[in-house]
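For clarity, chains are labelled A, B and C in written order, and residue numbers in each chain start from 1.
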Amino acid sequence: MSLLQELLDRGVFVVTAEIGPPKGTDRASFEKKCVQVKGYVDAVNVTDNQTAVVRLSSFASCLIACEAGLEPVMQLACRDRNRIALQSDFLGACALGIPNFLCITGDHQSLGNHPEARSVFDVDSIQLLSIFRKLRDEGVFANGEKAKGEIRAFLGAGENPFADPLEFRVFRLAKKVEAGAQFIQTQAVFDLEIFSRWMEEVRRFGLHKRVHILAGVIPLKSLQALRYMKEEVPGMVIPRWVEERMERAQDPKEEGIRIAVEIIEALRRVEGVRGIHIMAVAWESVVPEIVQRSGLFPRPMQGGGEGA
Amino acid sequence: MIVGEQKPLKEILALLAPYKEVLVLGCGACVTVCLSGGEKEARELALLLRLKGFAAEATSVERQCEREFIMPLEKTISAFSAVLSLACGVGVQTLSEVFPKIPVFPGLNTSFMGAPLGVGVFEERCIGCGECVVHRFGNICPVARCAKNLLNGPCGGSKNGQCEVRPNRDCAWQLIYERMQALGRLEELFAIQPPKNWAPSRFGAQRKIIREDVRP
Amino acid sequence: MALGIIGCERSGFPALCALGRENPNIWDRIAGVIPVPCLGGVKEETIFEALLWCDTLLLVGCPPSSCRNTWGSTLAEKRVARISQLLEEAAVPKKVFCVFAHLNRLGELKARVLG
């Protein structure tokens, strides 16, 4: 049973964090990241070769996270596997007790470290959601054949409220919900104005009542990190005020944390936002401080409140 | 049409290095239109090869993909030790099927099926997936024009109407969105497109069509 | 080194004749001259053919601003650039240049021919 689902259903304002598997078999470094965030988050997202860079598999890393006492959200990208492999990995993960899944299309391989690779993209994230939902709820594979055994899975998807065409984003979210998404983790929010407008649309269509929306947050480590994200990461919108504050900061790390905490405070006031998803890429150690300073600690499992 | 571009000269020279008498054979169809493998290009390349010391000549046929157009070359070709074909990959193969004894080399890289958009600009439009769905997307094909061939796009990388994968490349889904909106058919995009049947595509077996109705 | 010249009849060819009157010995270095109505009409093929009998080829024509066909010299420049690149890629030790000249502007032509 998914703890994440249980907390969301109970109305708890949840905290999830992203942890990236290592570029190799260095299990210890991944375990260290797990220890760093343990107790401060309700679940951890384990990325699936994010930005199309080869890493330890999401599946194996999820099992390591389980052993470390964390609840994983297994990310599954459509870039590297067809509907046969995706269904097979989904069954395997369910059988081994991985409770949460995030269905994503995946970053294009030409942006990663194997740009000559042939991509799959047999199905897209929305089609994958509907395949998993049917497998779980109706017990049938994508081809209609019966599958054996019970499946429990909490299904989620990503969404980027900042990509174009902005007006179509909410309709695409509706398609994800229709296809089976129970929770959504968004791209990192810096531009609260665009995000709020998107949430307004989400509420106008009543989607916030049908899906749990977790807003993405990225703590900035330095001005260089900001510039890199602004220029290199697709679909990332960083408003001028954030850049100005990072430019002026004496202690950029502290300023980055402060901005993240302020954004979380603002996000908690947005109707329909049910939690936050912290993506502290290569800076997982900062997660506890952000959670504490945002007043989101202790977490329910640590005897904390249900704080909505 | 099929769009191709000439292989780098160094590669062509390396392919032809063991030979002296070389026939550069142009094709009068698609690759003439895309300015890469027609009679003009064949003659230029033959002259350049002569400057490199080859005994090169040039000629061209109507379409290299059809045996009937190639067969009359039998006499001409016997005077050469190798042929550099400036046709697409189809032409290169037909040519060596008709003349199995003479070494045939591709002078072009066959790039895609596309359209000329302006002088010297060609863009991919179709991947020949074998089951056309273009009408569902305002006749802008996401299978050929979206980097991730998303049927439920756009992905999160669409910005200012551009694709994240290549700079200055239109996001197919931005175009689809605008076209469907202009047509007043936006709500059709709200339907979840089911997984595509790729069996009739190149991911199935080699494709072959037999028209019994027209066969003798 | 054999020098070949393709000269436009409006300015390039007259300029070459004027240079020849000044320095009659230039004719010893020139392997052939092809007069053309305008450099814009000189195809790549013609340039390659000329390179079969000379080592350095000069396309001599009007400065782009005074080309009677507006784009003639500009087109010639583009073709020469492309062919130069092909020659370099193929490691063919021959050169092609575009030279702009008329009766009152012989400097560049003189440098190329005598240089």
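In the analysis below, a contact is a pair of C-beta atoms (placed from the backbone, for glycine too) under 8 Å apart; a residue touches a chain by one contact, two chains touch by 3 or more.
None of these values were measured; they are calculated from a predicted model.
Interchain contacts link the chains end to end along an open line, per the touch definition above. Chain nearest the geometric middle of the protein is B, using mean C-alpha positions. Interface comparison, B-C versus A-B: the pair with the greater number of contacting C-beta pairs is A-B.
Chain centres here are Cα averages; for chain A and chain C they lie 65 Å apart. One finds 37 Å separating the Cα centroids of chain B and chain C. Centroids of chain A and chain B (each the mean of its C-alpha atoms) stand 40 Å apart. The residues of chain C never reach two or more other chains; the list is empty. Among the residues of chain A, none is in touch with two or more other chains.
On chain C, the positions that touch chain B within their shared complex are 43-45, 48-49, 51-52, 86-87, 89-90, 92, 94. Against chain A, the residues of chain B that register as touching in their complex are 147-161, 164-166, 171, 174, 177-178, 189-190, 192-196, 198.
Per the touch definition, chain A reaches chain B in the complex via residues 78-79, 83, 105-108, 110-111, 119, 121-127, 130-131, 142, 158-160, 163-165, 168, 171-172, 174-175, 178-179, 187, 234-235. Within the complex, the chain B residues that touch chain C are 8-10, 13, 40, 43-44, 47-48, 50-52.
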